[in-house]
Amino acid sequence: MAQHLLFVLFLAPLAAIVLSLILRHSRVAEYATVAAAIIDLAVSVPLVMQTLSGPVIFWHSYIRVDTLGTWVALCISIVYALSSIYAVGYMRILDEEERLPLFYALFSGFAFTMLAACVMNNVGVFWIAIELTTLISTFLVGFEREAESTEAAWKYIIVVSGGITLALLGTVLFYWGGSFVLGPRYAMTWAALHRSASRVYQPLLLMSFLLALVGYGTKAGLAPMHTWLPDAHSESPAPVSAMLSGALLNASMLGIARFLSVVSGTSVSRFAHTAMVVFGIFSFVLAALFIVRQSGIKRLMAYSSVEHIGVQALGLGFGGVLGVAGAFYHMLNHSLNKSLMFFGAGNAMRAYGTKEIPGIRHVLKTFPVSGTLWLLGAVGIAGAPPFALFLSEFTILRAGIAGPYRWAAVLFVVFLIVVFVGFLAHFRAMYFDEASEEQLPQVRRLPWVVWRTLPMWLAFLPILVLGLWWPHGLWDVFLKISVAMAGGGQ
Amino acid sequence: MSLTHLNSLQASIFSSLAIVSLLLTFVMLGSHWLRNYVYAFAVQSWLIAALSAAVGYFSGYPELYVIAALTALFRGLVLPYLLMRIVDRLHVKREIHAVLQPSSGLVVGAFLVMFAFVIANHMTRQTTSAAHVVVLALTIMLSMKFIGFLMLSVRDEAVSQILGLLVLENGIFLGSQILVPGMPLLIEIVILFDLLIVVACFGILVRYLVVHAGTTSSRQLNRLVG
Amino acid sequence: MILSNILLQIGQVLCVLLLAPLLQGFILKAEERVQRSRGPSILQPYRDLWKFFHKQSVVPESASWIYFIAPFVSFTAMLMVPLLIPVLTDRPLPLSNMGDLLGGGMVLTLGSFAIILAGLDTGNAYGGIGSSRTAMLAILAEPTLILVFVGISFLAKSMLPFVVNHLLLGSASAYWSPAHLFLILAFFALLLVETDRLPIHSSTHFEIYMIDEARILEYSGPLFALLKWASMMKQFILYTIFCNVFLLPWGMSQLGTPFGQLGSIASLLLKFLLIALTVVVVETVQSRLRFYRYQEPLAAAFLFAVLAIVSSQLL
């Protein structure tokens, strides 16, 4: 059963790519992508349920379908679905009709490689999938062919490729360490690495883990390796920003989480968790400080992504059932909320013709419905109840206070307040500040409103629901994940 | 067959190939001309292919012959050809060393090699195979990584940065041939092709940089700040 | 008939003293011949020294006692070093444990230092230029030289040049080890620098380009002859160290018979022929570097020395 579901999961985006490239018709490409994304979303939910009884390994143990991977695949499919709906309306505004089929082909290819990374059992093939996501998304980032977009794409590919070569070094060193225990030839699966981890020379194990953490952390956007993130996320078209922020960062966190589970139970586990906490809190603090001083609307969202990745790293670092559950619940909520924010930002950018916050005023007056959604999303992403991010952050906080990292939990709370005030100050300016007649921006009413507002509703409602009610089924999933991470994949 | 049972002839062949590869990295660090970087990279790739074949011959991993042939072909011929095309189109011949002069770069590189040696020594202290060639491989892998990152951070030109990345990959490949020759064939082949795709993407991107941003020097790509 | 040790040792010093101008003459002629001109005779430096010894010495008014003793200090230093290094014989002679490699290097530097002081002594502008440039080159080159000696000591586990020579003669794996090859390259670069060959070349008649020669512009007559002879002997000594300790340790007399000594001298000249030809080829291929780029070949030499030390630990 899992095999069939997986087959459909991968066939859908592939079909979309093929259709877009062969038929070269914009409308066909758009609808094919939306259809593929919705099919993926429909398939990924039962896939998660399938893994509740245990991981499924097949295809010469190259594919591993377990709760951790499928949960991340679910988050990715959600963002894929929402962004593809939004992209239909947004990209039509951009006036690039001939290149749209290429865009949608790249878009589905991007989703395909990220989903592939979620189910890879072999550590080396996982690295290859992540590298492919970098390559495909570079062209998506630089799609608009402006000077700034090209610069952002260049910075993205250089920094991230340099980072993941570090991850490759870590992978090779892990394999080498394991070869002393398991012999010179063995399949490089996550389970094999975990089996050998306790008998490998511990400094070597620690160095490999730190290299993998820094390497995949570059891709995930942990500070201080996050320097590509604000540029790439702000210069790419809004649906691509949502995918980058909501899906790609999750795939990289998956890599970090799997490596963390490999070293769990060994003597370096304590140091590894401390390293995660340090990176997490550093990202959080840095992002909080940058959020206060931002002037670009999409860069603001990008730094918010850095902040939330820091929170996820904190959750994984705090460990235990609460920490892990909080981190993965946060992954889901962040994907939903960040998509909402980027959609709203894209709408505002196109309507007001500028990316600068001082140039956007009277949003509520001009766009009552989508403006309200955007404002509520902003309140949610700053971490306030009754939205879902509050619940996941609170869970992580509970895990932190109980454990040995109380200092990090305290810093977390303090800078959470900073983020809340800073982030909402920008929104207050955009919504409620007065602007004089000359400063009043010329607002354009753009077509395709339904395509651009529907995904915002679809992203907003789950945030509200999940903030008020934590479904019991989800708790089972997180319990399974945290057990898998503590005991390692078997 | 593990690498603890090497006789001195095999050890010296492996060591010489690895050390000359490291030397070529220093050529990249110390030269002014972009073409020299590409030539040094090509020769380095051939040497690593020869190393791969030698490891396969002496340690009994016949699939490494395939890898050696593919490396010599793709990393040694196709990649330098693509890079030369990029360099020719760029109308830029020299690297302007604004941050680190070549001579200081050589000295910094020497200190990085010493640092890598200290780390490698520490890592292999308790492992059962105390073969010197293993420590050497680890040292050279780490030093090529450090030097690759040095090139990435202090260089201006886009092509130099691409070469920094390729040196990083070459270093890992060199180390993995000696440390883990049994690594699955599929992984190594796919990484090889992946590198090809990477350089092709770089070629396209450099073209975009020239056309849209007007320059390939990262000193002037500073529109996005904050 | 085995010669006594004292005769052998005097023989070594005489060999250096008398054959140094021959080497210089050969290098100059080879340079010219490579460029398809006639070139001076090989024995020309002997005639030059003879001429200078018979000329009158003109001393500037501002010269002090340093001006007078510097040539003697330099000459004497050059006479001392052949006692320490293997020139003709393979086995250490009695006075050779006065100093090891490092000691020999320091005595050489003492000679150079004395001439630097002499260049500053008279207050001449060109003397100042020459002294400061020589001092800068020394700052760049001396650490590398010390690292080369450290490297060779790691390889041979001793600082005596004779032990190094025996090691390289005895084991092929030590000779072909990467450490040794790197040290050869590093020392070759240093050789080019210390003997003033291109790319540092300053044997021009434009005073403003001079490095070493500008220091001795004020000298004339016998003192000048001593200085010239000392610089030729320094070149000879450096070549000897390069050949007998690093590169070509073969062909030296082991027992100490007169026939062996003659054979040793012949092989020495043959080895120097090879090295001098290499130096001439290297010189002809390059052009002169700007002063600010002198750090580049020296940084490369430093790099080689460091790599040699690291690989001697690894293998």
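We just call them A, B and C in the order they show up, numbering each chain from 1.
In the analysis below, contacts are C-beta pairs under 8 Å (C-beta built on N, C-alpha and C of every residue); 3 or more make two chains touch, one makes a residue touch a chain.
Since the structure is predicted, the reported quantities are computational estimates derived from the model, not experimental observations.
Centrality by Cα centroid goes to chain B.
Relative to chain B, the chain whose mean Cα position lies farthest away is C. We define each chain's centre as the mean of its Cα atoms; on that basis chain A and chain B are separated by 31 Å. Taking the mean of the C-alpha atoms as each chain's centre, chain B and chain C sit 38 Å apart.
For this pair, chain A with chain C, the centres built from the Cα atoms lie 66 Å apart. Multi-chain contact residues of chain C, defined as those touching 2 or more other chains: none present. Residues of chain C that touch chain B in their complex: 173, 176-178, 293, 295-296, 298-300, 302-303, 306-307, 310-311, 313-315. Those residues of chain B that touch chain C in the complex are listed here as 8, 11-12, 15-16, 19, 22-23, 26, 30, 101-104, 106-107, 109-111, 113-114, 117, 132, 135-136, 139. Against chain B, in their complex, chain A makes its touches with residues 122, 124-125, 128, 131-132, 135, 138-139, 142, 145-155, 157-158, 161-162, 165-166, 168-169, 172, 175-176, 179-180, 183-188, 201, 203-204, 207, 230-231, 234-235, 290, 293-296, 299.
Within the complex formed with chain A, the chain B residues making contact are 1-2, 119, 122-123, 125-129, 141, 145, 148-149, 152, 158, 161, 164-165, 168-169, 172, 175-176, 179-184, 186-187, 190-191, 194, 197-198, 201-202, 204-205, 208-209, 212-214, 218, 221, 223-224, 226.
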